[in-house]
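Per-chain residue numbering starts at 1, and chain names A, B, C and D are given in the order in which the chains are listed.
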Amino acid sequence: MRIGVFICHCGTNIGATVDSAGVAENAKSLPDVVFATDSMYTCSEPGQDGIIRAISEHALDGVVVAACSPRMHEPTFRRAVERAGVNRYMFEMANIREHVSWIGKDKEANSNKAFELVRIAVEKLRRNRPLTPKYFPSTKRVLVIGGGVAGIQAALDCADAGIEVIMVEREPSIGGKMAKLDKTFPTVDCSSCILGPKMVDVAQHPKITLYACSELESVSGFVGNFEVVIRRKATCVDNTKCTGCGLCAEKCPSKKSFDRFNEGVGTTTAINIPFPQAIPKKAVIDKSFCRQFVKGKCGVCAKVCPTGAISYEQQDELLTVQVGAMVAATGYDLVDWKVYSEYGGGRYPDVVTSLQYERMMSASGPFGGHIKRLSDGKEPKNVVFIQCVGSRDVSIGRPYCSGFCCMYTAKQAILTKDHIPDSQSYVFYMDIRSPGKGYDEFTRRAQEEYGTQYIRGRVSLIYPKGDRYIVRGVDTLAGAQVEVEADLVVLAVGVEAAANSPHLAEKLRISYDKFGFFMESHVKLKPIETNTAGVFLAGCSQGPKDIPSSVAMGSAAAAKAIGLLSKDMLESDPQIAQVNINRCVGCGKCINVCPYKAIREIDFRGQAKAEVIEAVCQGCGLCNATCPQGAVQLSHFTDNQILAEVEALCRC
Amino acid sequence: MDDELKGAIRKVLPDVDCVIGWGPGPDPLRSAPFFMRKPEEVDAFVVGPLAVNNPAVFLPEYKGKKVGIVVKGCDSRSVVQQIAEGLVKREEVVIIGFPCSGVVDIQKIAAQLGQDIEPGMVTSLSISSDKLTVNVKDTAKTMDMADVRADKCASCQYPNAVVSDEFVGTPKEGKTDDYADLAAFEEKSIDERFAFWEQEMSRCIRCYACRNACPLCVCRDHCVATSREPHWLNQADSTREKLFFQLIHATHLAGRCTGCGECSRACPVGIPVGLFKRTMTRAAARLFDYQAGTNAETVPPLQTFATEEPTIKEREW
Amino acid sequence: MSVLTGKERRIVGFLCNWCSYGGADTAGVGRFVQPTDLRIIRVPCSGRINPLFIVKALLGGADGVLVSGCHPRDCHYAEGNFYARRRLEMCKNLLPLVGIDPKRFEYTWVSASEGQRWQHVVTEFTKQIHALPPAPVFPESPEIERLAACAGE
Amino acid sequence: MSRNEPFGYYPGCSGQGTSAEYDSSTRAVCAELGMKLQDLEDWNCCGSTPAHTVDHSLSTALSARNFVQAGKQGLFDIVTPCPSCLKNMRVALRNMSDEHIGPQASKLLGGDTLQEGHTIKSVMQVIHEQVSANEIAAKSIRPLEGLKVAPYYGCLMSRPQGLMQFGDPENPMVMEEILAAAGAEVLPFPLKVECCGASMGIPLNEAVTRLSGKIIDLAAALGADVIAVACPLCQMNLDLRQGQINRAHKTHFQLPVMYYTQLLGLAFALPHNELGLDKLVVDPQPVLDKLANQRRAVANAMQTEGAA
């Protein structure tokens, strides 16, 4: 073999703590290395040209680049060597930036380690074989998980591009958190007025199939050919018959049911349509309150339903669909703020969450747009807002900023004044974070035009005194303790990943961070992609985001899915398992362990042998590690390649 | 019991290609694998303390043909494991079991005699229930059976065939296995163990008798010990490579070894290679509550998993 | 010279591409300083790791082997790390019998987001290896040494 | 540890003086509940507030010496009524394994070394752990029925959270459960872990009258008959300084402030001299009267019922 080695300086990123030129010089002593050099920015155009030139000048048939992580630039360099006529798998990378120069300052040790990493790359490359991808067809259908504004945008964009969409929503209606909001910042326009039409579009679009009250049961397959099982939870209402007339809810005798849509502000009936603009507009029975289920008898709704849509015996239904790509837009939930016992931990009725306050203000909410206290129905005059409840708080494991609370608190303060002109609002804040078009101006308006008193400091205690609450905090600008008497306290509760996000991530085989938010493929350059091909992210599932960002991300995810499925055939990764039929004894161990059922038993001249189904194999190599005689080998990560790497590192 | 067993074998013979058991060996002390096809061949069948080797090792070669096999308890576990792993089909094997009282260890007999026993040296031999008398060059030496019984028999949990189509005799009570042999070995310090194996493995002649005697070594002609693709071992006469082969064998048998002890017995230079597999067997029992060769319906522990592994105490960082 | 004599030990890491290799990258991006002893071999999945790679490294003179994969339930290939967990645990049981200190081998789970955890694991493991004497080494086979001597001439 | 084995008892210096009634009522109640308390021999000051503000090693050594003394008596599980002593002694146990403070403090111990396995808890926590609510109810032959109690823990009993391990640091419920078991009507008291002003009574009296004032103010507003306390310093600020508070705020509170052990003692019908009721500044007579009236009312009701 004729191998060329290129050691990158990456400016000073590597060059400052690794002697790149020295490593290149040493690399010349390695077996089969006929050319070695260092270069300033190997990934730049001149850097890549240097590789291409060296390949032709030195007749190289293999290339090692020692630079950043292969997770960063392996595809870049593979394309470069391919342009020079070398198979893209005759290329190896040594990660001397993330794994060397950035984690230590000892130049001698770093240079030595960098050389070692080059050595194992060379040893592996010497055993590489050219590989060629295969092509396979894909299903031109996208699954959107979550029907909040991000998911809605992704679904509509895909559908408008002519791709079929299946939307799965856990709640009885799409709309997500945005549907619960009264108004939106910074324009203070009505949330349901701008979201409503989009929800209707979803319902009416011929390319979109919506499954509400449904969750993802399992996922199998791979990019282009996922097989998804959806669990449609029993709502006890036959959606094909329900017209959404609402008669059932009118007559339902169980009127004290928990109102999920209204965040527990007020109550609802056991059978209900969550809100007037719900999509789909179908009734749903909450079994934990329905007398038919709790007491075993009632049946009022079944009696009054004009179309006979009620079916108490309805069971969950499993539905299997084929899709080519998936968009995870599962949104967020509020942090459990009840851990703050200094704020009453839920004991005080007039200490509410920001989302509850939205419902209290909303004209379509339980109070018809007239703000009143949950305890006694009185109109509050002094309203205290506390920001960062469950955000930026290391002590409860939520160190991050939830991003949009500063803005909605300002909005809620403004709306409070609009609703109750003789009211006074106070906002306890840590910092005002309002980077966005028209955002900072908005928070100033809350202070200057609406007279909201902003107090920079934390609140240490809320306690009831008479029928009011004493909010004790610190004003860090004045350097004094302050106490405000409040009729109502609104907590700007921080956000966390939607319940069960890690569980869903595991089904999707994507990564999640320690807070449950889904991990993007690259923080800056691949914010929509995940490490699993064909799975894209939108909205707060990836981290806290406001509405404009969620919508933008929904469109971005749609663009990624459309781009993926615009190709007639998808390229398969040739780094898959292969069976050496001469060595295979047909013991079937590989068949047992393969997570993809990508290996089958075949009859070869009367003997049982294993065979890899190429389009199904994902290249994990479990079979390889299982086969005792090594008859199954994972291309590009064969036993011999890994053994060569091990041996390069040992004393032998 | 011998005659009853012979009767059982003869009864099975018409339905099978052959019945595998034990027959006369090079001298009265040693039996040999015995393949019986005709009823008259059954007369030479040997059973008892001299039926030492494990006939299950031959079974996978007969895949596709129906065969009978006479098994001690330990041998039967190999058969069960072969069936569990699909190496042998249950319907292709007729299992004849009997209660085993233990087998002899030729090395121990040699030790009692104070000399190596070359084939042919033993001219005659007689066995009573607890005594064994060996005639070497017209000198008779009587020894206690207990002193020459194979080590594995001392902790034999399954003296009777685990699974059988015909069972001859009254089942015997099993013993418990407390892995005393491992505990004794583990008296040594880590360094002493390394030194021990360095010494022992330096004597290995790479004959692979240990592998060839193993009824669960499925690779047969494709052993990684002698292949270049993949190239796990080089052919140098190095202690490291020899030890590495033992660890390959033990790893391949992890959670599968039924403890028949044939690897150790087959070793011509007497290296206790069975200890490696015993360690894995103990670990499989402790971690996965799994005993290979006791139930053909179970999946070997390393070919399956549980999402929660309460017995695996992972390191906290 | 493969490691800096007196300063470093030979530590081989096997990391799955999707989680732990990414976690090591994240540690790098975060400039989380780590000891320089470890050299990482990238594999697609912890399920790809044949325990015999570990044995091979340790018999070959590596002072320590560190394996890291995706957290259980979060395997990129759904199940690979579940198998790996069992196999690696069995391997850990085998080493002491051979006279290899089981502290020379650890396996753990580090996700792509856990740069700090990776730094911690590497630092702790390296400390652990430095607390042990250098790995015992087998004498080379006389045959090979003779050949090596010839080659050197 | 079960209550059949003796606990090492560390009374703390307040118990010898300003809170003698806390000490005596604690001993009386524990005896009634079958908890054996064995006094530490030759114990010394825990270091209180001054020591640790000057020298951590010294403060650690002072408290550590008490554990050493206990160890000599074979006592490893120590209890103390005083939250401040508890905090100091817990900090000392933690500091003894600190790589800097530990060795220095050890040197100060002279020839003595601290053994492993020492624990210290508040008497309140141990009562809560060892005695069931049913047992307390059964012992309460004169239950505190009808008595409205504002439970006040002070700032130290539950905090810092990691060190004190006393349930929810902002909303502990142990005293509530104990007193409710004795029949009292325990009020939800939002200021239960607020600062009373602590030792600022002398250098900055205004701080105490302001902070303790709020506590008394809210307890009175909630209709409490008595504030139940567990800390000698809190008791002093709320009780002894109630006159100062009244003067500062032009109020006229006469709200009794009693140790929870005194209230338990009343429920158990223990002799008043053991409970040290005479040591209280604000006269607890209204409490006794209320309980007596309540008992009379109950007795009358039963009589009428019997007659009918």
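Basically, contacts are C-beta pairs under 8 Å (C-beta built on N, C-alpha and C of every residue); 3 or more make two chains touch, one makes a residue touch a chain.
Keep in mind it's a predicted model, so treat the numbers as computed, not measured.
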| item | value |
| --- | --- |
| Both-way neighbours, i.e. chains that touch chain B and touch chain A | C |
| Contact-richer chain pair (by C-beta pairs counted) among A-C and A-D | A-C |
| Inter-centroid spacing, chain D versus chain B (mean Cα positions, whole Å) | 72 |
| Intercentroid distance (Cα basis), chain D paired with chain C, Å | 55 |
| Between chain C and chain A, distance of the C-alpha-averaged centres to the nearest whole Å | 31 |
| Rounded Å distance, chain A centre to chain D centre (Cα mean) | 51 |
| Per-residue overlap in chain D, given as positions that touch at least 2 other chains | none |
| Where chain B touches two or more other chains at once, by residue number | 232 |
| Numbers and ranges of chain A residues touching at least 2 other chains | 593, 626, 639, 643 |
| Touching pairs among all chains present in the structure | A-B, A-C, A-D, B-C |
| Residue ranges of chain A touching chain C (in the complex, touch as defined) | 69-72, 95, 97-100, 102-106, 108-110, 112-113, 116-117, 120, 502, 505-506, 509, 511-514, 519, 531-532, 575, 593, 595-596, 618-622, 624-626, 634, 637, 639, 642-643, 645-647, 649-652 |
| Partner chain B, residues of chain C touching it in the complex | 51-52, 55-56, 59-60, 72-73, 79, 82-83, 85-87, 89-91, 93-94, 96-101, 106-108, 117, 120-121, 124, 136, 138-144 |
| Residues of chain C touching chain A in the complex | 1-4, 7-8, 10, 12, 17-19, 21-22, 24-25, 27-29, 31-36, 39-45, 47-50, 53, 56-57, 60-62, 70, 73-80, 83, 87, 111-114, 119, 137, 140 |
| Partner chain A, residues of chain D touching it in the complex | 168-171, 188, 190-191, 194, 218, 221 |
| Partner chain D, residues of chain A touching it in the complex | 340-342, 344-345, 347, 461, 463-466 |
